[in-house]
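Chain nomenclature is as follows: A, B and C, assigned in order of appearance, with residue numbering initiated at 1 for each chain independently.
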Amino acid sequence: MSHRKTRLPGFGLSLGITVFTLSLLVLIPLSALVTQSAELSLGGMWHALADRRVLAAFRVSFSTAFAAAFTNVLLGLVVAWVLVRYPLPFKRSLDALIDLPFALPTAVAGIVLTTLYAPNGWLGQFFTDWGIRIAFTPMGIVVALIFIGLPFVVRTVEPVLQELDRQQEEASTSLGASRWQTFYRVLLPPLVPAILTGFSLAFARGLGEYGSVIFIAGNMPMKSEIVPLLIVTKLEQYDYAGATVIALASLVVAFIMLLVVNGLQHWTRQRTGQD
Amino acid sequence: MSIHVNQLTKRYGNFTALDDISLSIDDGELVALLGPSGCGKTTLLRSIAGMEFADSGSILLEGRDMTFEPIRHRQVGFVFQHYALFNHMSVFENVAYGLRVKPRAQRPPEAEIRRRVHELLDLVQLDWLARRFPPQLSGGQRQRIALARALAVEPRYLLLDEPFGALDANVRKELRGWLRRLHEELHVTSLFVTHDQEEAMEVASRIVVMNHGRIEQLGTPAKIYDTPRTPFVSTFIGNVNVFRGCVRNGAFHSGSWRLPLPRTLDTLHLAEQNAYIRPHDIEILRGPAADWQVSIRHVQPMGSRYHLEAVPVADASGGPGPETESGRITIELTRQAFKALALDVGHRVGLRIHHVHWFHGAATPQQPIDIPAPA
Amino acid sequence: MNSTPHRHIVARPQADETPLVRYLLSSLAMAIIGLFLILPLVAVLVEAFRDGWQTYMTAITDRYTRHAIGLTLFAALVCVPLNTLFGVAAAWCIARFEFPGRSLLTTLIDLPFSVSPVIAGLVFILIFGAQGWFDGWFAANGFPILFALPGIVLATMFVTLPFVARELIPLMQQQGAEQEEAAIMLGASPWRMLWTITLPRIKWGLLYGVILCNARAMGEFGAVSVVSGHIRGSTNTLPLHVEILYNEYQFSAAFAVATLLAGLAIVTLIAKSIVEWRQQRQWESASS
C-alpha cells in the first residue's frame, strides 16, 4: 500500500480521479499509437519512415525548430534583460504582452504572420526588394516558430535574472573586470540552465507546432513540409498506418531530445552548483 | 485524561523514527518531549494526535484504544510549530473555526460562539486583535492565537509542536512562563515538543528525553538532571565534563590523575570507564591542598554565574594530568565564589571534585558517587 | 523582507552598462516586442477592417460564425470545469501525499504539453475511427465521436489537461499541509476543509490555471482540426472557421473572425496580469 505523509483526507478519491482521467484521456490514447504501429512489421515501419518525403519533412521540422529556438535564445535574452534591468515606458504592459503567443490562437498567428511576411506584405515587401522570400519558404516556418517560442525563453530567464545578486557584479567590477567580462564570466553562467530550459521548451514546441506554421510554410513537399502537416496529409489520404508510424517516430525523437537536454541541464546545474 | 502509548514503532524506509516507544502520561500533566532534531519527538506527537500512522503499537486515550480512530474523535488540540493560522481569516474567525465546523447539532449558537471566542482571546490577552489578520501579527501574538484556537474546542489533550521554536529569545522566555501559568489555570493534559533543554526544564512537570527514536529517560526535571540514566541524557541535559579513564584500587584514574573514591567502592574494577562531572560540582581551591592543578584559559561572565575554561597542568611527576573529551575542563562558579577567589586568565589553581556519575555500558543505569570532602 | 532600504542611494555607475549600450539594448528589445508582438496584433485589426465596417459586421454576424462561436464556447464550457476538477484532484494527491509512482504521475500530467497537437488528434482517430479500436462502433450506433462534438471536446481536453494541475502542484507544495491539518484537528470535515481552507488559499493560482486553460481550449487548432472534419455549421470551431475563410481567400472575413480570438487573447493577458498581481500581494502578505 501507499505510505502517506499525513492522515489528511481525500487521498483515494483524488488519486482515483487523477489516474482515471489520465488513463482515459492520455495513456490509453497514446498507447493506441503504439499498438497501431505494432500492426506494421518492422520492415513496413522502416519503409514508411525511410520514404524521401518523410525524411525531408523531419529535416525541415528539426532544422527550422532548431534555428527558431536558437534565435529565441538570443532575442529572449535581450528582452528579458531589458525588462528586468532597464526602465521602459509601459513596462508592465509590455511584460504582459510577452505571453501573447501563448494566448493568441495559433490559427490567428498563422494568418497574420503570413500576411505580414508575404512577398507583397507589410514586412515582406522590404525583403522582396532584397530578393529574399520569407513566407512560403522554410524561412517563414522559422519566423512563425520564433513567434511561438519567444515567451518560453523570456519566461524562464526572467525570474533567474531577477534573483541574481547584484553584489556579485559589483565584486567582479571591483576586481577590475570590464562590463563584458562581468557579463560573460559572472552573469551568464547562472543563466545557462534557464537558457537551456527555455531552448528545449521552444524547440519541443516548434517540433510539434501546426497551426501557426501551415499558413506561412507554403507546404511544398521536400522543401517546406513539416512533420505534423505530413501526418495530417497521410490521415486525409486514409493512410492511418503511415501517419501513426510518423507520429510515433516524432514522439520518440522528441522524447530523446528532451532527455538529452535534461541531462545537459543537470550537468550544467551540477557544474555551477545550482542544485 | 491520561495518554498511554504502547510499543509504538514507525519506520520511513530504512529510517526508524519511533522504536518501540512506551509512555504513560497522567491526567493534567505538562510533559515535555525533549531531544535533538530527528529523534522522533515530533513523529510521536503527531502519532498521538492522529496525524501519522504508526507501523505497530497502540495509543490509548483515557484507556480507550484510539490507534485507528479518526482525528476528529480524539478531542486533541494541536498547536503547530509554524502556527498554521488561516491567513485568509481574521483572528476572530481563526479562533471560531473549530466551533463553526462542528456538526449542526453540536454547534453552539452564534452568540455563544462570540462569547467563547472573546473569552479565549481575553485568556491569551489579545482580544484587541480580533479583527486583524494573522500576517499582521508578531510571532509571539500568532503563537498565542494558535493556542487560543486549539483551546476553543475544549480539547481534552493539548499537543504543542516546538511551540516557541520560531520566536526571539526574549519573547520565548516570556511565553514559557505564560504557558506554565496557563496550564496551572486550565489543567488540560499537555504534551509539548522541544529541542531546548532549558525550555523543558523550566516549563514541564516531567520530561521525556528521546534520541534515535527511543526514550532515553523519563522523569521530573530534577531527577533527570541529577541522575541521568544514559551518557546521552547526561550530555544533552546541562553541561558536563567527560573524563576518560578507568576504576581500580578504590580510585578513578584518568591520565596521571587519580580521584580517590569512597571506601565502599574499594573492590570495584572497571577498565575503560568515562566519568561525568558537572561544571558546578568542581570546586576551585587556592594553594597546595588540591589533588591537581589547572591553568585558567578563559573566563566568561554569564550574569549571576561565571564559566571558566581550564586545561590540566603537568603534575610534579611530569604526568599530563587528566584526559577529557574536549581537552578542556569547564568549571562553573557563582558570582560570589568567583569574586572571593579573585581569579583571572593564566592563574594556576587546584580543583576538588564533589560529585561524579558514570555508566557501565550504555544500557545500565548510572551510578552517582558523592566524593566526601576531606576532614 | 525589506533588507536593504538604502539600496537606491548607493551609486554604482561602474557596474552598469554604458548609456549607449543601454540605449541600444533597450531599442533592440522594443524592436523585438514591436515587430513580433505588437505589429501582428495591429495587423489583425487593420486587415479585418480593410474592406470596411460593413464587411466586418457581416463576417462576424454570419450564421456560420455564430455557430462557430457557440461551439467554441460550448467546448470550453465542458473542458475547463472538468480540467479544473482534474487539476485540483491531481494537485491534492501529488502535493499532499507520498506514494510510489508519484513522480511518474507528475511527469505524465505534463505529457500532453510535449505531444504535437496533431498527434493529440490522431490518437482519437486511431481509437474511434473506422479502422480504429472500436471500428467505428460509436458512429454506427448513432453516437459519432469523430467529426462531431465529442471528438472536439476529447481533443481539447487532451491538450489543456496539464494547465490547472501545473499551476497548483508547486503552489500547494510550497504552501505546505499545516493549515489543512489544523482544520482537520479542529474538527472540520474533509468537505468543509476543502471549501474553507484549501480553495480559498489556492484561489488565485487556480484562477490563473483556469484562464490559461480557457485560452487554449478556445484557441486550439491542430488537435481539433484533425478530429473535427471541418463541417461548416456543425463541427467548425472559431479557429477552424478562420482557416476555412482564409483558404477561401475571404481574407477580410477571416481577419474579422480573428479579431474575436485576438480579443480573447488580450482579455486573457489582462486577466492573467491582474491575477498575477493579486497572487503576488497575497504571497507578500502571507510571508511578511
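FYI, contacts are C-beta pairs under 8 Å (C-beta built on N, C-alpha and C of every residue); 3 or more make two chains touch, one makes a residue touch a chain.
In this text the structure is predicted, and so the values were computed from the model without any measurement.
Enquirer: Based on which chains touch which, is the overall arrangement a line, ring, star, complete graph, or other?
Expert: Shape = complete; every chain linked to every other.
Enquirer: Looking only at C-beta pairs that count as contacts, which pair of chains has more of them, A-B or A-C?
Expert: Answer by contact count: A-C.
Enquirer: Subunit B to subunit C: how many Å between their CA centres?
Expert: Taking the average C-alpha coordinate of subunit B and of subunit C, the gap between them is 54 Å.
Enquirer: Rounded to the nearest whole Å, what is the centre-to-centre distance of subunit A and subunit B, using the mean of the C-alpha atoms as each centre?
Expert: Taking the mean C-alpha position of each chain, the two centres sit 57 Å apart.
Enquirer: Once you find the CA centre of subunit A and the CA centre of subunit C, what distance in Å lies between them?
Expert: Centre separation, subunit A to subunit C: 16 Å.
Enquirer: Mark out which residues of subunit A touch at least two other chains, giving numbers and ranges.
Expert: Counting only residues that touch two or more other chains, subunit A contributes 3-4, 6-7.
Enquirer: Going through subunit C residue by residue, note those that touch at least 2 other chains and give them in order.
Expert: Touching at least two other chains: 181, 184.
Enquirer: For subunit B, write out the residues touching at least two other chains, lowest number first.
Expert: 51, 71 - these are the residues of subunit B that touch more than one other chain.
Enquirer: Touching residues of subunit A toward subunit C in the complex: what are they?
Expert: 2-11, 13-15, 17-19, 21-22, 25-30, 32-33, 36, 75, 78-79, 81-83, 86, 88, 92, 94, 96-109, 111-113, 115-116, 122-123, 146-147, 150, 166, 169-170, 173, 179, 182, 204, 207-211, 215, 227-229, 231-232, 235, 240, 243-244, 247, 250-251, 254-255, 258
Enquirer: If you look only at subunit B, which of its residues touch subunit A in the complex?
Expert: Its residues touching subunit A are 12, 46, 50-53, 70-71.
Enquirer: Can you list the subunit B residues touching subunit C in their complex?
Expert: 49, 51, 71-72, 76-78, 80, 82, 84-88, 97-98, 101-102, 133, 135, 149-150, 152-153
Enquirer: Residues of subunit A touching subunit B in their complex?
Expert: Per the stated touch rule, the residues are 3-4, 6-7.
Enquirer: For subunit C, which residues count as touching subunit B in their complex?
Expert: Subunit C residues touching subunit B: 178-179, 181-189, 192, 196-197, 200-201, 285-288.
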